[in-house]
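Next, two complexes with chain A in common: one pairs it with chain B, the other with chain C.
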Partner chain A sequence: MKKFVGGVLLWSAVCVPAVWAQKTAVQSIEEYRAMLQDGNPADLFEAKGEDLWKQKRGPKALTLEQCDLGKGPGVVKGAFTELPRYFADTKRVQDLESRLLSCMETLQGFNAADIAKTAFDKGEQKTLTALATWISAESKGTKFNLSQAYPEERSFYEVGKRLFFQRGGPHDFSCASCHGQDEKRIRLQDLPNLTKNPGDGVGFAAWPAYRVSNGQMWGMQQRLNDCYRQQRFPYPGFGSDATVALAVYLGVNSQGSVSVAPAIKR
Partner chain B sequence: MADPMRIRAQVAGDKATVRILMSHEMESGQRKDAAGNVVPAWYIQEVSATLNGKVVLTGEWGPAVSKNPFLQFTIKGAKAGDKVGVIWKDTKGDTRSDEATVS
Partner chain C sequence: MKKNSKTILAIGLSVLAVVGCANLPSTASLDQLTADIVKTSFRDEGIVKASVLDTDETNRLCSAADVAGKPLDEETARALEAKNLKSIHWPSDGKYLGDWKEGEKIAQNGRGLTWSDDAKTVNGGNCYNCHQIDKKEISFGTIGPSLYNYGKIRGVSDPSSPDAKLMVEYTWGRIWNSKAYNACSNMPRAGHMGILNEKQVRDLVALLLDPKSPVNQ
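Here is the complex of A and B:
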């Protein structure tokens, strides 16, 4: 018996330091991200977005400075972490990007439907991404605090939850297939569990973000579009109620978590 | 006209660390578009940095440098209030120069 115990001890003595000595893939990725953080090109989009907010643009040649992001016309600080929310003027629950689109239509005279149909990273979609980057940056470090006061906001949460778990497509996938359990990953990418609060700066609290691998700045709408693409689902459309409902579900789940957007991704 | 650079320069001891973020596509000339046509090369070729007008760094860049490049270096003897200037020139002959104050 004594000999057996000794054997176990010896085994652990040999193995444990070997595990310690080697960095896990996740740790190496964290290190790489920390190195990139200092020169996050999102800064460039942020500067562009701030400029676009104050620029007289569109058929009406007006700025967006009177745009109401939920905290009153022109209030940008802290607006991002309270979106999506219900807006009485449009009678819709809107996320940051769909709200900006409404403002561009009502204030500047752009055609919102045309912009919504434009491909990401093209034309006025570029403007939207830059604006979203700057507005999110103005709320960096604040905690998510989404309203659930209006019945519309509560029903959007429920719809978002159902969409999150809805399976379909050729792979019989749902959002929950990848983001419904703890400690899952695809290749080397950690997948946050989005059915509960994933913590500060994870999931909903990390977008808009700059993607190093393709050198693109992505807003939450583009991130959701990519989720749908990977599920082989048709995209519900830019700023559609379905995508906003998902954002409400993710945002309410992230309640109290700190936003790090604009973040940097692989 | 190209988008502005972001330049930060901070003193630590007798040196200043300069961090520059440039906004550029940096097309390598190796990629093809959706129609199968080669996307022509378009990248920053010459970079130079100055401290109060005196050149402290020059570089020749190629197509292997990433999109929206980040450049960091230290300058010996730079003091707070000094001016750091950066200028780049790309393969289309387009240039951009920006200046920042060391803090």
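Here is the complex of A and C:
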């Protein structure tokens, strides 16, 4: 962003009449971004998520307090920044949201497949978003440290890498079309380079996040889903292996970067 | 979905057992695992069919080169470019330049062909997402080079003159099928893939080459 303002200043030396309009537009964007840092409505989702974790819910009327997010039943602190990982009970590599779905099925008796098919802002998907927000907040400030100990985890990294570079659809886009180089923008939006560690609180380390532009709280699953939408790809199933493998690639690349989730975005 | 995942992991594990490698299965088996995961993970939604991922040789080879972290070898790249060049549809009436004002609208428009668009959505060119074009538009992306003064810099003062012929044709070709000039270009093949029609491409060529276009002021 700083760079961009610099560019406009440089411009102003060359092209005087247009300067005021440009400066004003850039300034208001800066102001808007500064304003966003004032308060994060993600707090509300966080509080709701903590409640939902402890509430007796579902056909079995049980809480999620025995859910194993990877560090043992009921351990929430520090779990988020080690996901996705391999789980021996499901024999799958799972991210936070697909793992929560398993817990809701096994502990509470919900139908995971039905919830996976539900639209993001509806029904139990809202529960998942709130839970993911709270669970991520419990690891705020810790560093990403994904396991690559299991062969399944190493394979998923390699699959995720292939998905990241997969060109397709009518526009030939891959994730790398936008996120494969340093210091690039789409319109005015800065793009992190996700082929390596993009830095603390950037890219993988910034979701779940509250999106001011549409007033929605998004988990990583929804973030990836919307990337694929804009990429003109077909619809990736919620918690599908493709989304989890991609998350493994992004998460392992982000090794050591500090999570700021739940974040706030434009 | 769960069943599928288990099957895929089972395949992955059996691959591991066969290869017997301490670290990773072979590249070919990881490619196969990826293809299987793509098959079970993506589905049709709205106007977007899962089959849009059954892509062509150009994309397949470029993706593989990206994964390997090595550019295509010269020979392969030139062969792909030749194939893409051959497929370019040149203007049926020999008219390359349309209306730059319409071209600007197409350049601004980033809509179309997502699962939240409908079949009636007029596709945009997405040009400003990646390129600077008219200097008055400050909201432009930087993935592609700046196109401000595109025609002027290339010395096109009269697009209908014989001197300008090569540049006019190149500009059409580049928009129609960018991979004809750079096999693994990041730029979509707007005409070739049916994103834009002949009239829209004509209007974009005018935006870039018409001496009256704001691009060339």
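Note that in this section the second predicted complex is superposed on the first by the 231 of 266 C-alpha atoms of A that agree within 3 Å, B and C clash if a C-alpha of one lies under 4 Å from a C-alpha of the other, contacts with A are read in each partner's own complex, and residues count from 1 in each chain.
As a working rule, contacts are C-beta pairs under 8 Å (C-beta built on N, C-alpha and C of every residue); 3 or more make two chains touch, one makes a residue touch a chain.
Since the structure is predicted, the reported quantities are computational estimates derived from the model, not experimental observations.
Student: Mind checking the superposed model to see whether chain B and chain C fit together on chain A or clash?
Tutor: Overlaying the two structures gives chain B and chain C room side by side.
Student: Among the partners chain B and chain C, which is in contact with a greater number of residues of chain A?
Tutor: C
Student: Of the two partner chains, chain B (first) and chain C (second), which one does A:L163 touch, if any: first, second, both, or neither?
Tutor: Second partner only.
Student: So in the superposed three-chain picture, is A:R187 touching just chain B, just chain C, both, or none of them (first/second/both/neither)?
Tutor: After superposing on A, A:R187 lies in contact with chain C but is clear of chain B.
Student: Does the superposition put A:K265 against chain B (first), chain C (second), both, or neither?
Tutor: Touch status of A:K265: no partner.
Student: What is the contact status of A:K71 with respect to chain B (first) and chain C (second): first, second, both, or neither?
Tutor: neither
Student: Determine, under the contact definition given at the top, whether A:R211 touches first (chain B), second (chain C), both, or neither.
Tutor: After superposing on A, A:R211 lies clear of both chain B and chain C.
Student: Pick one for A:S177: touches chain B only (first), chain C only (second), both, or neither.
Tutor: Once the two structures are laid over each other on A, A:S177 reaches chain C alone.
Student: For A:P41, select first, second, both or neither according to whether it touches chain B, chain C, the two together, or no partner.
Tutor: first
Student: Once the shared chain is lined up, is A:K140 touching chain B (first), chain C (second), both, or neither of them?
Tutor: neither
Student: Which value in Å is the smallest Cα separation between chain B and chain C when the structures are fitted on chain A?
Tutor: When the complexes share the chain A frame, the smallest chain B-chain C C-alpha distance is 11 Å.
Student: Return the residues of chain A at which the contacts from chain B and from chain C coincide.
Tutor: No residue sits in both footprints.
Student: Spell out the residues on chain A that touch chain C in their complex, using ranges where they run on.
Tutor: By the definition above, chain A touches chain C via 8, 15, 18, 22, 25-26, 90-93, 112-113, 116, 151-152, 154-155, 158-159, 161-163, 165-174, 176-178, 180-181, 183-188, 191, 229-230, 232-237, 239-243, 245.
Student: Which chain A residues qualify as touching chain B in the complex?
Tutor: Going through chain A, the ones touching chain B are 38-39, 41, 43-44, 47-48, 212, 215.
Student: Give the list of chain B residues in touch with chain A in this complex.
Tutor: Counting only chain B, the residues touching chain A are 3-4, 6, 19, 21, 23, 66-68, 70, 72.
Student: Could you please specify the touching residues of chain C with respect to chain A in the complex?
Tutor: 1-2, 4-6, 8-9, 12-13, 16, 23-25, 30-31, 33-34, 37-38, 40-45, 48-50, 52-53, 55, 58-59, 62-63, 66-67, 113-116, 126, 128-130, 135-136, 138-143, 179, 186, 188-189, 193-195
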